[in-house]
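Next, two complexes with subunit A in common: one pairs it with subunit B, the other with subunit C.
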Partner chain A sequence: MSRQRTLVAGLAAAVALTALSACSSSAKKTNNGDGGGAKKDGGVYTSIDANYQITAGAPMNPFNSSPNMFLGYDQMRLGFDKYNPLDPNDLFPGLAASWTATDTGLTVQLQPNAKWSDGTPVTVADIKTSLAIAYTQGTAGPVAGAGGTIVQGTNFEVSDVKDLGGGKIEIDQLPGVKNLYFQRLVLSATIVNDKVYSPQLPADIWTQIAAVQGPDPAAAKAAADKLSAEGKTIAAFAPAKDVSAGPFVLTRVGPGEALLDRNQYFFAVDKVAPKQVILRHYTGNQQIWGFLTNGELDSSPYTSMPTNIADQVVKAGYTRTDAPSYVSASIAFNEKQAPYNNTAVRQALAYVIDRDAVTKVGEPVGGIAAPYTTGLIGSQTDAFLSSDQKSALNAYKPDPAKAASLLQGAGFTKDGAGQWHLPDGSPWTITLQTVNGFSDWIAASTIVANELTAFGIKTTPAITADFATYQKEMGAGKYAVGWWLTALGPQTDKAYNRIYGAADGFSVVNGKATHSDTSPANWFHTPATYTVNGQTIDPGQLTADLSVTPVADQKPIIAQLAAATNQELPMIQIWNYTKVGFFTEKHFTNFPKTGSDALLLNPPGVWMMQGYIQAK
Partner chain B sequence: MAATAALSTRLRNRRPALNAFRKAVTRKPGRLIGLGIILFFVLLAICGPWFYGSLAVDPNAIYAAPSADHWLGTDFAGSDVFQEVVVGARYVLSTAALAALFTSVLGITVGLLAGYHRGFLDSALMRVTDFVLTIPGLPLLIILSTVWSFGSPWQMGLVLGLTGWGGVARAVRSQALTLRERGFLEAARGLGLPSRHIIVKELLPNIAPYVAMHLLLSVIAFIGAEVGLFFLGLVPFSSTNWGVMLNQAVFSGGAMNSPDALVYLLSPLVCILLLTLGIVLFLDAIDELFNPRLRERA
Partner chain C sequence: MTGFARRLAGKLLAGLVMVWVVVTFTFFLVHALPGKPGDVQYESYIMQGFNPEEARAKVTAVYGFTSHDPLFSQYLGYLGRLLHGDLGQSVYYSGVPVSHLIWSALPWTVLPVLTGLLVSFLIGVIAGVIAAVKRSSRWGGLLSVSGSLVAGVPSFVLALLLLLVFHTEWHLLPDAGTSDITLEPGWSPEYVGSVVQHAVLPVISYALLSYGGWLLAMKSSVITVLGDDFILASELRGLAPVTRARYIGRNAILPLFTVLALSFGIMFAGSFFIEQTFDYPGLGELLLKSIGVRDYPVMAGAFLLITVAIIAANIVADLCYTLIDPRVRR
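Our next item is the complex of A and B:
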């Protein structure tokens, strides 16, 4: 028995290699068997869906938690977000050919030939049902704590959907609600077939929605609870077949892949070259690396990978694409725990950590060392701050002497062995918390720990079993120093809300931010106000103001928040993620390339409906 | 003076055992090689971390090829793989040794008591053993990993040991049931010797060969189990060990897809295979040492 176990350990690598090569050969045959994917009349386009893994037996329902529905292929929206930081309402046309924002809402012109895969046209009933479903899924409706009048850019509030005839639809925003992102949120809602989904909804759904929006809190609460319960029914619903208004329709789902056929009724079917799409199942990054190095995918979504794998992928004939990803990996502090409540300490740590070196190890392919800590990624900092404002920012270039000087100024001492001691004389040690499975954070922690230990602060990386536990324990204030995702944009208020929001004890009611250090969700524990350049600022209020300020007018607010974040360092931004993808022109041509950020941030189905991906 | 005489008497008494051990080990070169390998890894585990206290990193030499500076190349952080193998040996071997110790102590105690006393105690202990045998070790470790970080070999060794003694207890019990019917034990009981004396002085030495062999075999099994857990990423890790190296090589370094991380993957694998080989070769000597028939044949 024992010998068997050892043999298994010894042979694991060989078996895995054999399995991989077996998979790869069969996959290659599939691609080549269908005309090599190079016929003018189409071929098989093989890729990975970045949103969901393939789950055999899961419902073809986009509201399910692990659906067999694939955005841009058989899951459609009126428009697709371009993730334009300077224009949040900039979208690619989807089922909507055009739209006009009005004082009361939005007027949408549907695509003239928009049809479902059963041949029936897309109608106002489909849009109305879909927007009603959004209320059951929590993506529409009042935002808790916002008082119902100010929507912070996460939810939309619709009061009515009217058919103006000729495929023109009027979507009215609830009177009194101020939402800068109404257009984007409505156009980005998932559109489903009314005939399939309306039987799942109660006949009085819009009455319930009206009650949620109404002035009676008790009636609103009861209606919200009812909608939430109905949402669960909708999420569990399993349609008998896929009825798609997208370029493809789901034909078959197996444990290893999903097969989608071109939707002959799609409004722009002449633009769609692939006859079929195969979306491969994966359980981890290394499987996608295998697919790529074996040349099995036509394109890949963002996949974290080391440089050696990226080089192998390029050697296999792929072209790399880069697009900004509005996420930053940061090391955050719990300022309730000394000595991290001292700004000089956080600044000293920023001077010790060499972000370039950490990025090289942690996220060498999909990361760019953060040039500044501002709460936004580099390109957004460039877009919103003037050159004077940027030059006033501290880049915290590695400078151990400056770090030592800051610490000495704060009462820290260094012993003969080079170990730093806290002002009370005890040795200063750091436990840098990270999460099991987050290979980039784990690898980066090794370098950070090494740098800090070499500087004289004994640092040990510690790993929490899973992300849910990590969030829970971080929220409970168990970690003094830990990794955290920040700069979640491109919406700037969302990015700052990550720092000066609930996690920092701020809550917003009717546009007014209040700060509570004892709030259960507060684990940053920064002060309620900062003094920056002689001025006292309230970061929570400024963040709340951002959510109701048009992008064009946000610069003064962002300048204050960026300067405050850069000076106070509630977290140190280590790297900004880059969305690195790969494509090969072995079977198809005309892929979006680096520079086409808006397209690259969307799935290939969206590329196809815009006329990209042509048969070779 | 009396103490010196007693010591020399003890040494004289011990010499035959040492001689037998020496003879058993040196009779075949394979056994000597096995012992050498085991001693090498034990020394590595004890002394290795003294030489390489903290691993140096070099972000400019990630996955560097083997060279005079880095005998086995470098890893994802530019750390020397050879140093990692050396430093990682302590956790792996300590855990396996502790788990084997817990398994042996618990399994032997329960097996001997149940087999010798029979009756109600036997039934009760065997039901407990059956229960332990039904505990799925892997899921238990995954659940425990939410509470423990398994950064210390004690924690991992304890869990592996506590869930792994059932099989030993059953096997020792069956040995004890056979032995208790033998003449020398009947004579001991007839002389009115206490149970404790019979179990410790009469039964235990007779199952010693089995125990020793099991101890070594379970070391192999526990190394496989703990390394497997780290390799699969089922338990979080906060220190370097061979399982972590395998995990990082495959899931972070792409050793299955790129030759750059292959040495990083193979280094701990080769260590595990070598250690297994050493134990298997040495077991032959242990078998002969405790098996009179094999001794006579030799």
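Our next item is the complex of A and C:
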């Protein structure tokens, strides 16, 4: 009997525990997504930070590579990039109210009421410390060149920060270094509190920076090594509490969520409606789909999803937003492996692959079939090429007859069963390599394989276990044909560097590009030069030239690179990604909508600073 | 030295050797994985929407924490640090001590897995005894079928089903997280209630997943014991059914005891599927993420924890076994 009593007592305890949980405040809050929302005091705004997955134990330090720190909420910058491809220096004001480019750099006027969450003002010391830290983190300083040399000019390089009084600051670029993007890079630097971070830096940090920038190579190297070691200390630093100059300050981080409270000292606090922000942890797209279909988020970051999920999300009361994403999914070739060293073969494949059909399956919601292969996304191609130049591009619309003609011209033959054979007579088969976790590439590979197989080239998709292995094996030349991200912008030199950079055997020293087919990083293995419209061009040199050419003067260079890429097809651009987001006006109103590209490419904290997201 | 102390010392020594072997093996294994931490992260940052300069700067920071020494020298350094209780610094989290990351994730694995394990063991063992004793009845059959059925359902299917019923349809329990973030952590009834409430679905998932195994193992063990001579003798002697049940239970549970002890060790590996489904981040997620980004120190630290836990559980099981079953001591 006593055991029965024990069992009954145990059951009673379990029931009591359940009752306790049912009576807890959270029981009432977490059931159907109505827990947050706008109230008289502003309410709770719930979203997901796409930059980092929340990790219990990660520091509240923006210089850590995976911090619990959230851009636009408690992580602030002088300005926020509008990702304008035609004006790289176009930014939203952040802690800087305004700025002016000067001959030596720029002057910045701080927001008159900029304060930290402890009530102290944002000062020149904060900006100076932050830029010194940027130097230690590889953002601002020189980069290591071959043989451990120091290469100036790749990054923005601040030589001095002067207090001009009245919240005005002069930020100078190292004399002799001309980084075209100095203004954007300085304004985009993360600003942290001097009192919190300067104890982590040596007192002579600017002396060390001056030594790195000095004429003595040995002293520069020694100082750079020292800065690098100090950078590690900064990156690992875990402040005890968050001191923010942004609209919110981090109150608490749990394994599954982060809670931020409105910063009452924020310079534009009257524009910020939510009293709190909850950022939820996620490990994959499926979780975000679940949060959205259950109506638990006020807005979502870009999330790849199939059409049926997007429909369910809209059905749950969300409005969809679209903004350009400066990334393309492409099928790239290793031209060291025959027959992909033959331009006609790559062109024939481009004529066989129906990009619209592939995109509809691979990335139906967040992708737009690439209109051209130029090395840039569609809207950038539109911005930089004239209509005549665009009309001269080959769109490679599906045309099996043209593909067959190109292959026959290259010595390929087709047997009675419809199978294509290589010029040496062996059957032509393709292994299309993709990678685990990239569900869009995997789905798209099936369609590409079907299309090529139907055309007579037996194609099999193959999946590599993870991206690290994929990257390693691709770099080692193991794959002949595989998926690759290209058109990384909005800076055009970065977009072309993805194709005509290290991955193609190009390296640049003092503005001069050289090509090596045997370079270990070279896996594209394209020729060093192309002949386009009767002219010989060097894509590596043109890409290097782009990095030192003002955007206004880049069009002739881009025209050559786009035409060469379109003709030679080192890769076939399949789709351009679109940054698809969702918001619901269940709790808040005045969200940025499709068309507000600059805002949509920034996190909601930046929207709030601009007066968006108002209580309903 | 007593016999028990000698056995303990011997097992501890063997355990230490085993830990060293596994540590050595896992150290070289994780470093043999293709890919470098920084390379992996560059693409990841690009996909997250960082522009190339920011991505490169972040990767530079990651490289700063990646050792470039020869592998064997790294191994010696690693062993040396281990002897001082230092698991090293994370690469992915730019120098955060590995022990800090593991310690932060640990409670959110131990709480649901340990509770789920104990609940499933308790219910599974009781149900197993009933299923064996009443195996000819409808109830016995039903219990056995329930065990087979639940044991056969994949973890993610079970977790999704629970989520659908208890969160999406009935709005009874939260779908994600470990507690209500707006509550101050502590021992307040609200916070404890919130933690319990958030743990219910993960605990039920863990419990259901292992319930079938315990039930079927116990049933099989009880049936074996029921055929033993001493049970027949106790029946012939007219001992009370409760006494006979105690004899049966004590003998039948012995094989399960070792499995239970090992399960305590294995639980430190967490269960990624359940952690992911309920967004209940614990060691499983930390380990999987570290593999994906090639965070060697975190990988090695997590594997070490699992290894030590399993070996320790094994030693404890061996020692306890000698106390529970006197025949083993002979």
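Just so we're on the same page, the second predicted complex is superposed on the first by the 567 of 616 C-alpha atoms of A that agree within 3 Å, B and C clash if a C-alpha of one lies under 4 Å from a C-alpha of the other, contacts with A are read in each partner's own complex, and residues count from 1 in each chain.
Rule of thumb we're sticking to: contacts are C-beta pairs under 8 Å (C-beta built on N, C-alpha and C of every residue); 3 or more make two chains touch, one makes a residue touch a chain.
For clarity, every value in this text was computed on a predicted model and none was experimentally measured.
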{"item": "First (subunit B), second (subunit C), both or neither touched by A:T319", "value": "neither"}
{"item": "Touched partner set for A:T469, first subunit B, second subunit C, both or neither", "value": "both"}
{"item": "When both partners are placed on the shared chain, which of subunit B and subunit C touches more of subunit A", "value": "C"}
{"item": "First, second, both or neither for A:S439, with subunit B first and subunit C second", "value": "first"}
{"item": "Touched partner set for A:I447, first subunit B, second subunit C, both or neither", "value": "first"}
{"item": "Touching partner for A:A357 - first (subunit B), second (subunit C), both, neither", "value": "first"}
{"item": "First (subunit B), second (subunit C), both or neither touched by A:T460", "value": "first"}
{"item": "First, second, both or neither for A:G284, with subunit B first and subunit C second", "value": "both"}
{"item": "Touched partner set for A:N308, first subunit B, second subunit C, both or neither", "value": "first"}
{"item": "Shared contact residues on subunit A - subunit B and subunit C", "value": "17, 20, 284, 290, 466, 469"}
{"item": "Subunit C residues touching subunit A - in the complex, by the definition given at the top", "value": "33-36, 39-41, 43-44, 46-54, 56-58, 60-62, 64-65, 89, 92-96, 100-101, 103-105, 108, 163, 167-168, 171-185, 189-194, 196-198, 200, 275-276, 279-282, 285-286, 289, 291-294"}
{"item": "Subunit A-touching residues of subunit B, taken from the complex the two chains share", "value": "54-57, 59-60, 62-63, 76-79, 145-146, 149, 151, 217-218, 220-221, 223-225, 227-228, 231, 233, 235-238, 248, 250-258, 260-261, 265, 269, 272-273, 276, 280"}
{"item": "Residue numbers on subunit A that touch subunit C, as the complex places them", "value": "17-18, 20-27, 29-32, 44, 50-51, 53-59, 63-66, 81, 83, 137-139, 155, 181, 185, 188, 228, 231-233, 235-236, 238, 252, 254-259, 276, 278, 280-284, 287, 290-291, 294, 296, 302, 325-327, 466-469, 471-473, 485, 488-491, 494, 497, 579, 601"}
{"item": "Residue numbers on subunit A that touch subunit B, as the complex places them", "value": "1-3, 5-6, 8-10, 12-13, 16-17, 20, 284-286, 289-290, 293, 305-309, 311-312, 356-358, 360-361, 364, 436-437, 439, 442-443, 446-447, 450, 453, 460-466, 469"}
